[in-house]
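In what follows, chain A forms one complex with chain B and a second complex with chain C.
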Partner chain A sequence: MLSALIWMPMLGAALIGFWPKGMNPNRSRLIALVAAGAACLWTLVIVSQFNPSHVGQQFSEFIPWIETLGLNYHLGVDGLSLPLLVLNGLLTCIAIYSSDVAIQRFRLYYALVLVLSAGVAGAFLAQDLLLFFLFYELELIPLYLLIAIWGGHRRGYAATKFLIYTAISGILILASFLGIVWLSSNTSFAYDPSRTQTLPLATQALLLLMLLIGFGIKMPLVPLHTWLPDAHVEASTPVSVLLAGVLLKLGTYGLLRFGMGLFPDAWNLLGPWLATWAVVSVLYGSFTAIAQKDMKKMVAFSSIGHMGYVLLAAAAATPLSTLATVLQMVSHGLISALMFLLVGVVYKKTGSRDLDVLSGLLNPERGLPLIGSLMVLGVMASAGTPGMIGFISEFLVFRGSFPVFPVQTLLSMLGTALTAVYFLNLMNRVFFGRLSEQVINLPRVQWSDRYPAIVLAVLIVLFGIQPNWLVHWSEPTTTAMNASFPVLTLRTHNFKFVTSQEGQELFSHAFKRTLALPEIPSPMSHTP
Partner chain B sequence: MVSIKNKPSNHPLAEYIQRLEAGEALLPDTADNVLEVVGILKSYGVVLDAYSRNLIYIAENQFLVLFPFFKYFNGEITPAKLLRYWWHDRINFEYAEYVMRTMLWHGTGGLDDYLDSPEFKQRAEAAIQAKLQGHPLMLGLKALFPEFLPEQVRMSCYYSALGQFWRVMSDMFLSLSDRYDKGEIQSIPQVVDHVKDALVAAAQLSITYAVKLRGKTYEIIPASAGLTFLTDTAVPYVETIFFRGTPFQGTVSYNAQAHQISPDPSRFNYGALFADPLPTGGAGIPPTLLMQDMRHFLPDYLREFYRRGRRGEDDLRVQICVSFQKSMFCVTTAAILGLMPNPGNTLLPDEQKANRVYLESWMNRFLASRLNEVNDQPNSCPVALPEWS
Partner chain C sequence: MNLFLFLNSWWVPFYGLIGAIVTLPWAMGTIRRTGPRPAAYFNLLMTVLAFVHSLVVLKDIWNQEPQSFLVTWLKTADLDLSFALDVSPVTVGAAVLITGLSLLAQIYTLGYMEKDWALARFFALMGFFEAALSGLALSDSLFLSYALLEMLTLSTYLLVGFWYAQPLVVTAARDAFLTKRVGDLLLLMGVVALATMAGSLNFSDLNEWAQTANLSPVNATLLGLALIAGPAGKCAQFPLHLWLDEAMEGPNPASVMRNSMVVAGGAFVLFKLQPILSLSPVALNALVVIGTVTAVGASLVSIAQIDIKRALSHSTSAYMGLVFIAVGLQQGGVALVLLFTHAIAKALLFMSAGSVIATTNTQDLTEMGGLWSRMPATTTAYIVGATGMVTLLPLGSFWAKLQWVENFITAPPWLVGVLLLVNGLTSLNLTRVFRLVFWGHSQPKTRRAPEVGWQMALPMVSLTVVTLLVPLLLQQWQLLPSWEAINRLAVVLLVASSATGLAIGSMIHLQRAWSRPIKLSWRVVQDLLSYDFYIDRLYGVTIVSAVALMSRLNAWIDRYVVDGLVNLVGLATIFGGESLKYSSSGQSQTYVLTILLGVCLLGLLVSWPLGFLIGWQF
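Then we have the complex of A and B:
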């Protein structure tokens, strides 16, 4: 069942790539859309069959592969990966739909997008460390080519930088995985047996550090972030949508699944440092965004800031904050995809993303009024305005993290205010005022340019009004992730370790009070 | 006789002085400009016809009606018309009143002088007394605010004067369109000549105003007042509507401390020749209502021209406004040439100098106008995207 999510896009890519000569751009696009759409619909079928109350992996598939290496084709899905799979399916469809119909080398382009999507799906589904690494590396190739071939003027530089950074990330992750298996004397790379509580804390910390840097590059966290603004600026709009919406989530997903999941003791040890690192990322990303004059760069730095929230929540490792990481990933995926789509439309119609050149694009007669209005919505969502998913996710991040890291949480909250500063500055300069003379006669925006952004905007509002529809799928899993986890809580001025059961009870009140969730049986109560 | 030409002017708008001295127009003579100007003047003519009839109706039939709820119905009040009105399927007569009030407020020309004369006061008083018979409430109002009703009568005079002015202009623009359709008008100078000839022909038309109350006619502006079409309505109209105008809400601060509005109304430059066709924020285009009205009466060839633009009909009101501004520069050209102290082709140095001084004084007023924009920016759009890199 789960393999279809990987092999349907792969099949589409193969069809497009190996189709006899004579395939036109429209047919390639259609095949790509059908393959991506089928995978997306299949994800929804999986969602419909998914049992949220079951905390373990579901729909597992296991095929022995290279047993001498300990590598097996083992897939599974849980409440952590399910929302990201849906996000991947949706954004792949949107990326293909938003691609330029007249794009050059269209067969290669659509094939690469589908391979990228398959690689990401595989990474989210992999229940084997080595299999995850293979998929993690697999998405590197198409993304590199998508930037290097269809990127902007400095695409070679940006693609190479991305390649080098991500290759280092891969090496560190692989080294950590090898360390886990070899030092634990395991014979396979299967996820579940790789729990490392038996390893000395120092060893755990070292291995975790490698993962942190590896996934920190992917997220990215400051100061490992410098590849991202370049990649975004040079990438085409659909690639930016995938990059921000899905690919960065591989970093956060990896941190949660492997960093937090495999090294709970070391995670607790490093927690305060991670929270501080998150603050640096949030503030650096936000302040740097304020200084940008390129709209796309601003959104890219905003991404860095917002991904810092995920680290903060993960560092706190409370049931509420762990749930918040999932929401923040989905929230950021939808909002950043929307922002990049809108910036892409502005660039396509005006030929510029420069804040010094553009102004008055909200002009009802000759500007981009609907695109501007959607941008207002995106800005509000990104700045955490109530009624949108950005508010829910950020509120949960802060609510879940504050009891553990009050200072870091308060500092991170500044990021929300700073988001309002740079995005309102963007709105003010680009969309308000008189339409700039340099872009006075813009071509009309087609509805096909608007549909993808409208879909994302609807989801942003829908999940903002009804977050339970999203929380419902992930909450038992994220709660279970904390079940085997010693939780750091703040008691007056001192940190104190409490047991997972105590921690759960401590936070369950706040958690349920915040979301007004129905009572869900604790997974601990089912433990024999 | 030796012809001595004036030295080239050093004025920043010398190019246009040269054009006018050569008998050309402020607007370049291109096929697109002719199409736009004639097409838009046709729709303007239709709209002005409606405005004119309504203004005259209000002046004559809504005289001192303090709550003229149905003033835009021209006396024909039916449920169907009321529904259409509420549905906003109608001409925006408010624009005509906006123009009338602007003229009243700026008050230039002989009409304004007459409205301050003792003769007007006397005639207005007679009409007021006739209207107030049997209206104790109105009498009480008059006793409390003695200047209120005469001011209302002054406004009625402007209703009537503007209605009469637009009557002539409407016929002029519609006949221009007819001549264009027959192939008689093919260039911008011909458009200007048509307007100039019509203005000259109507120059001495009397502007009069009378109301009939209780079976008796009260002449408020009699023919003996000597008010004429050109000097007492056309010239004040150009001064008030083309040049001065009023600042449009939302585009400038009304706060005196902001110093964004000149304390001297004669230095206002918010008129049609200065108006930005692009709406800014929620402020709208100053003559937005007029553009909306003209939209309904565009000739097919002009609508097709707009459709060929980059945005099609998405920015129709802006395109109409740009064309309208071009047409107003043609009308202004006609007024400038018509009022020139000496013939444009005079060979006498003194007359040439006098013409030069006259033209430079006009150009001084055009410095902040959109004259360069209507000359430089075609309404049709370049297809290629700008390159910034």
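Then we have the complex of A and C:
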């Protein structure tokens, strides 16, 4: 059942790629859309069959593969991966739909997008460490080519940078996975949280650190982020949508699934540092975004800031904040995809993304009024205006993290104000004001340019008004993620105490604890 | 039927929202064939429905106990976000007032913005505005109120930025959003902290919690200050008052709503937060200080304005300052009465100002004059509104301020002085504006000035009547003191201060081509006041430039340090490869040496950290 999510796009890619002859752009586009649409619909079927109250993997598929290596084809889905799978299906459809009809080398293009989607779906589904790694690396190749072939002027630089960064990320993750399996004297790469518990804490911390850097590159976290703005600026719009909407989520997903899931004790130990790292990421991303002149770069830096919230919530590791990570991932996926789509339309129609060149695009006669209105929505959603998904996910992040890391949470909240600063600047410069002389004759915006953005906008508002529809799928899983570990349950216990009537001492205790970052015990102390 | 309406009283805000949503296709220019009128009429219909609905509910529950509804929105992990809705005479009365004023403002819009091509967009925003405001009135949950305040921030941004092609409008909209956002952010911090500490965010639960909570003084103070910041931004209080003045660049019907109801919305939330604020004496004192500074400062600033709307809007800040003082002294009832009377009188003043602007096509006071004979309804509205604002005649504000004085006469007496000063200065300012606009000789722009059409005149005259009836309403609600209980001294003081203001206002020399006083010292004072104590420049050199500097610094570091390092590594690799290629000389001994060195280096690199690992762990 789950395999279809991987193999349907693959089949589509094969069809487009190996069709003997007579493959015109329209037909390959159609095949790609059908394959992606079928995969998307299939995810919805899985959602309808999914039992949210059941904790743990569902629809498991297990095929032994290379037994000597301990690698098995083992798929499964739970409340953490389900929303991301749906996001992947949806955004792939949108990316293909919003691709340029007259694109060059169309067969390769559509095939690569489908392979990319399949790789991401595989990574979200894999229940085997090595299998995850394979899919994680698989997704790298098509994305590299998509940037390197259909990118902007500096596409070679950006693509190579992306490739090197992600390869390093892959090596670190692989090393950590190998360490997990070999140091715990296992032969199988099956995902099993219990066995890392036997490792000494310092080893766990070391392995976790490798994962952190590996996934931190993907997320990305400051200072491992510089590939992202370049990749976004050079990539074409659909690729940007996929990159921001889905691929960055691989980093956070990996961090939650493998970092938090496999090393609860070490996670707890590093928690305060991670929260501080999140603050740095949020503020750095937001401040840098303010100074950007290129709209795409601004949105890219805003991504860095918003992914920082996920790390903050993950570091706090309360039931609420873990749930908030899922919500924030979905929210960022939808909102950043919308922003990139809209920036893409503006670029396509005006030929510029420069804040200094564009102005007055809200003009009802000769501007882009509907795109501008949707931009207002996207900007407000990103800045956390209530009624849209950005607000509730950020609120849950802050509310979930505050009891554990009050100072870091308050500092991260500054990020929402800074988001308002840079996106308002974008609105004011690009859409308000008088239509600039340089871009006075704009081509008409087709409805086909608008549909994908409208779909995303509707989803953003819908989940903002009714977050239950999202929360409902993930809550049991994320609660279970916290409940199964001794240290974290203790923390959960504290947390409940805080919410009770007289939680004052604990609140101030937590406050003091966060101010005085705990020292990591010296690794020497664990020597037997 | 009545029961049905009562049970569905939570529906009141949704009328405006539906109006706004249905209007969207017209607002965004998707439907052009019909013109914007159908959208406008649909919104009017929705507002009428909201008004009638809330009026019926108000009549029903007039003598009943307040009812509370609980709507479960999101319940997850250990978080319970249930919205309590409070249906009591006060809240439904507020909803009636909001929908009623919104109805009048929307009819007014039909005239004021008759020829505006974006009429539909304006009506959509007004519907949104009305929805958020009436939701705020009914909300009994801090979370919901916060959310609605943010929606108000958004709709203020869009309404102020309505004529977005003008540069002043663009900066005004940005400033409105950002200053309010600063307040909202601090409020959100308070909300998050409260949610953690108190567990629930419904006001009734919070009040219970506040009675037993033993917060440390520092925490209580921080919490209180954070909670004040949100309403301070909304009510345009110092130091977040900058936006209201600039927001006058927006269309006038929105200013009517903003100066009467939106600021009151912020104050209403503050009123509801009063029990939590009382946990911290510092927070209460801060309220009094903020209120005093704003009340006096804004009253002074309003006198130096030559823009008719700005002259009135600064006095809104001043009156909200009085409300802040009242809440700071824990006199919530006084605050509410003052909010009510101010809202009606100020709305009327703004309608009158709007009529003047629509007829003369200018907002500059120095270009006006002699309108009294040409625009009688507008002049009447102005006079009634002005008397409703000050304490010369026993209209609304007189009674509100009387209560204020009577309740605070035991408090530090200087507070009464503040009130009298603000009252006197407001009276002076209103007299000054009256003389410049309606009195004196007509000028080129006011020579051919017919009275406005019925779409504007009808709501204006209706509101004039309502303003005159406010004392009767107050009597109906038994908010007026009995004849014997009236404090004579207070009455004398109040009337005297208004009369003084009136007298000075009518005496001072108002030169027509009144740009600059001759004396340098006066000129400095005038500039100081007319530029609002240069507060925007102060922001410019402090917080704005700090953020700008920080962002530029960050971008520089990002580009040249972080990314520079990355590129340096890349460059070094290429350089290494390029230079090593010259080592392929054909001499096998060099190759062997290179291989040996490479293997040694690699071995060292691998075994060194591995040795550490093994040494530590195994």
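As a convention for this text, the second predicted complex is superposed on the first by the 482 of 528 C-alpha atoms of A that agree within 3 Å, B and C clash if a C-alpha of one lies under 4 Å from a C-alpha of the other, contacts with A are read in each partner's own complex, and residues count from 1 in each chain.
We take it that contacts are C-beta pairs under 8 Å (C-beta built on N, C-alpha and C of every residue); 3 or more make two chains touch, one makes a residue touch a chain.
From a predicted model like this one, the values you see are computed outputs, not experimental measurements.
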First, second, both or neither for A:Gln292, with chain B first and chain C second: second
First (chain B), second (chain C), both or neither touched by A:Thr416: second
Which superposed partner A:Asn428 touches (first chain B, second chain C, both, neither): second
Which partner reaches more residues of chain A (counting touched residues only), chain B or chain C: C
First (chain B), second (chain C), both or neither touched by A:Glu475: second
Touched partner set for A:Thr68, first chain B, second chain C, both or neither: neither
Partner chain in contact with A:Leu320 - chain B first, chain C second, else both or neither: second
First (chain B), second (chain C), both or neither touched by A:His153: first
Partner chain in contact with A:Arg366 - chain B first, chain C second, else both or neither: first
Common interface residues of chain A - those touching chain B in one complex and chain C in the other: 360, 362-364, 432-434
Chain A-facing residues of chain C, complex: 27-30, 73-74, 76-79, 117-118, 146-148, 150-151, 153-154, 157-158, 161, 164-165, 167, 169-171, 173-174, 177-178, 181-182, 185, 188-189, 192-193, 195-197, 199, 209, 212-216, 219, 547-548, 550-555, 558, 562-563, 566, 570, 613, 616-617
Chain C partner contacts - residues on chain A that touch it in the complex: 161, 164, 183, 200, 202-203, 206, 222-223, 225-226, 284, 287-292, 318-320, 323, 360, 362-364, 369-370, 373, 376, 380, 383, 385-387, 391-392, 395-396, 398-400, 402-403, 406, 409-410, 413-414, 416-418, 420-421, 424-425, 428, 431-434, 467-468, 471, 475, 478-479, 495-496, 498-504, 507-508, 523-524, 526-527
Contact set on chain A toward chain B in their complex: 153, 349-352, 354, 357, 360, 362-366, 432-435, 438-444
Chain A-facing residues of chain B, complex: 276, 278-281, 310-312, 314-315, 317-318, 377, 381-383, 385-389
